[in-house]
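There are two complexes below, and they share chain A, which is joined by chain B in the first and by chain C in the second.
So, the complex of A and B:
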């Protein structure tokens, strides 16, 4: 049996697995930070009354949401050296591609959340003499954000799972190192099973949390 | 300044066509696994038997926490090693995509069934129908209409996810793109063309979904 499922192998390579896990967490954090920080302005731009602001944002989100992330990664892998003068740099390609991809998805969460705030709230704040920015800052965004928390938790889970795709452009995430070890030792069963289980163990608490938050929110409406 | 040249890529358009057919083929097969399996998990979650409820709920949480690419690698590299027999990229991709997506289908089916008022189930019982008959002839027909838009969106996500099957050498659109890119030395043009094909496919499909959603909303009133 030890020949069939040899866990010592994983102990031998545990530094590689830990490095891969750290890189997976790092890429997820970069994508989520970009999404949370820059998704809001893009979401607001899509709600803008001015076409000059609304159209470019709509095109940006449409392009990124209607193409697979793998194709985007391959495109940026070719794009970075030619247009940005950045040589073969998987970290840059992965972070850049995942950041803008996630900004597009998060902007839709922001847009949906803001649209869900009743018009009466905006009218009331206008009646109080607030300008557009103050309405957003004090009235709309704080209320909308509460409603968006489950969606953002789900988004984090989706992004964490998707970062494995960055291994296709040689970004050193968990799956990249698993494949490396599997190819060196020819041990596909141990390596891929452990990676699959790691994802499940780490993400299940977040899945349960997201579900609870969704139910809680649905109940409080 | 970079000179765009699409001519070499278009010379390979027969491969693009093959790839598109491969994408549709793997999408259809995965859907044929994912939708029935998802329905099974949904019905289990709504069962009165605690043990079935637990299995259905656990399955959905585990699937939500599983990274698709890891599962693809598992089915392509680890599964044949366990079975001690080779498995085609097509079979591995269909199993991984079908099983992983079934979690999303389970969620949408469950949501659709729950959204039908409990009065409907009671009416079925009052008519002397068994719970199976009530589900089949009273609840599901009503739920299907309500689920249709979400079903279409989930299926769009499934088709988008089939691009990852390229990583286990299944010959769909993205795989053919990597082939064309290495043949023509025109990766940017190749991935731009591929992205355009996906974009047309997904944006028209989601446009259609939005249209259907509006139509259903009107007729619900």
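So, the complex of A and C:
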């Protein structure tokens, strides 16, 4: 291998890369789980007929979507020790910031998906004597979810790539360890090539699986 | 016969538009009532007020001898009705409705479409619900499609499933909102035949339709709506063959234009 591009050199550090990758996957999973679980109630709140429920949700989403995630990370880094009594804990700060940021984005996917269901579906379930919760749970959300799968796939990929900014608050993600290795070895080209390759190796199979799920769900319609 | 549904002085406005103005009407158990009227006459809105998919602007609805909603004194002695959503939900579980656009649930199989309300609303077990669904699908002649998805069915088949889905809740009253209007002409007959059979079994029905022949042969009573009021009502033979009022005659003549001329002899 050329002395200007030597990937073998980095094999020594493979445990660091793997640990960083695991943390990247973990942060993405936390953000997506929060988005999928809590994005639904926030999305529903934004569709509520009651202003008392709709306005706070709209403000929450507006604030989080219109400020950079990096600013939010720094904000919560300062906020956590002051107001929550949690010492400087990068894992907490990164997970918390990414979770609420992603809840805001996912709530919009839920809102759009639910709004896209024809009013006739709601009327038919109402006419059968289902209450609002049953209409949503058995009729509206299952149909909306199928339509939302592509949007959630995109969101997962976006979030996975975006987690790299968490290294700025010392969260030990892939980029954080890569920077460490690069600084030790003075090998930025090789190091960031590895980072890029690792992202591709994880995200492409994920996209393929998501496409397959989409097709599977479409088939049962 | 016992009175099942009574509507008193019912009015409905959407914004400034008054769609129904003072409707009084009673439906007896076992009766088949057909609502006729040109589009915009308010017949669909009246039907939707019966199961409270639309909440009346004023007036009262009695179902099975009980007033729906509660009366509270309003300003200047005018009384207003308040409706509790849980009460309306319970009421709707006793009134079936069949829509023009079928509105089957596309993510569920035919059997599941029929099972979902008995299971979730009435808490029926899965086995029992499936047996019930198959009986209801058999009743509308489509049991062999139980495990298909709705998208594989023709419009007429879908509408028969929608009827079975409503019947599975064992409703005291069935409402049909232009159930055949979205169907290709050759599929109308199979749906009307099912409705006719229900009428023979003395299922209480209120039907909005443009099928005058069906109204003539199946209805016990026909109501003609015009500009949000009941313009004329009576036996189908009287209303359809010898209407007393001008507007009814014009409506019936308008329908004649679309009939095929008699074949030359």
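Note that the second predicted complex is superposed on the first by the 202 of 221 C-alpha atoms of A that agree within 3 Å, B and C clash if a C-alpha of one lies under 4 Å from a C-alpha of the other, contacts with A are read in each partner's own complex, and residues count from 1 in each chain.
Basically, a residue touches a chain if its C-beta (ideal position, glycine included) is under 8 Å from a C-beta of that chain, and two chains touch if they have at least 3 such contacts.
Everything quoted here is computed from the prediction, not taken from an experiment.
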{"item": "Chain B versus chain C, judged by how many residues of chain A each one touches", "value": "B"}
{"item": "Partner chain in contact with A:12 - chain B first, chain C second, else both or neither", "value": "neither"}
{"item": "Partner chain(s) touched by A:165 [first = chain B, second = chain C, both, neither]", "value": "first"}
{"item": "Which of chain B and chain C A:121 touches, first, second, both or neither", "value": "second"}
{"item": "Touched partner set for A:33, first chain B, second chain C, both or neither", "value": "neither"}
{"item": "Which superposed partner A:157 touches (first chain B, second chain C, both, neither)", "value": "first"}
{"item": "Touching partner for A:134 - first (chain B), second (chain C), both, neither", "value": "second"}
{"item": "Partner chain(s) touched by A:88 [first = chain B, second = chain C, both, neither]", "value": "neither"}
{"item": "Which superposed partner A:77 touches (first chain B, second chain C, both, neither)", "value": "first"}
{"item": "Interfacial residue positions of chain A with respect to chain B in the complex", "value": "62-63, 65-68, 70-72, 74-75, 77-79, 82-83, 157, 160-162, 164-165, 167-168, 175, 178-179, 182, 188-189, 191-193, 195-196, 199-200, 202-204, 206-208, 211"}
{"item": "Partner chain A, residues of chain B touching it in the complex", "value": "2, 61-62, 64-71, 73-74, 77-78, 81-82, 160-161, 163-164, 166-167, 174, 177-178, 181, 187-188, 191-192, 194-195, 198-199, 201-203, 206"}
{"item": "For the chain C and chain A complex, residues of the former touching the latter", "value": "51, 53, 85-86, 89-90, 92-97, 99, 101, 103-107, 116-117, 120-121, 149, 151, 162, 165-166, 169"}
{"item": "Chain C-facing residues of chain A, complex", "value": "118, 120-121, 123-132, 134, 138-139, 142-143, 146, 220-221"}
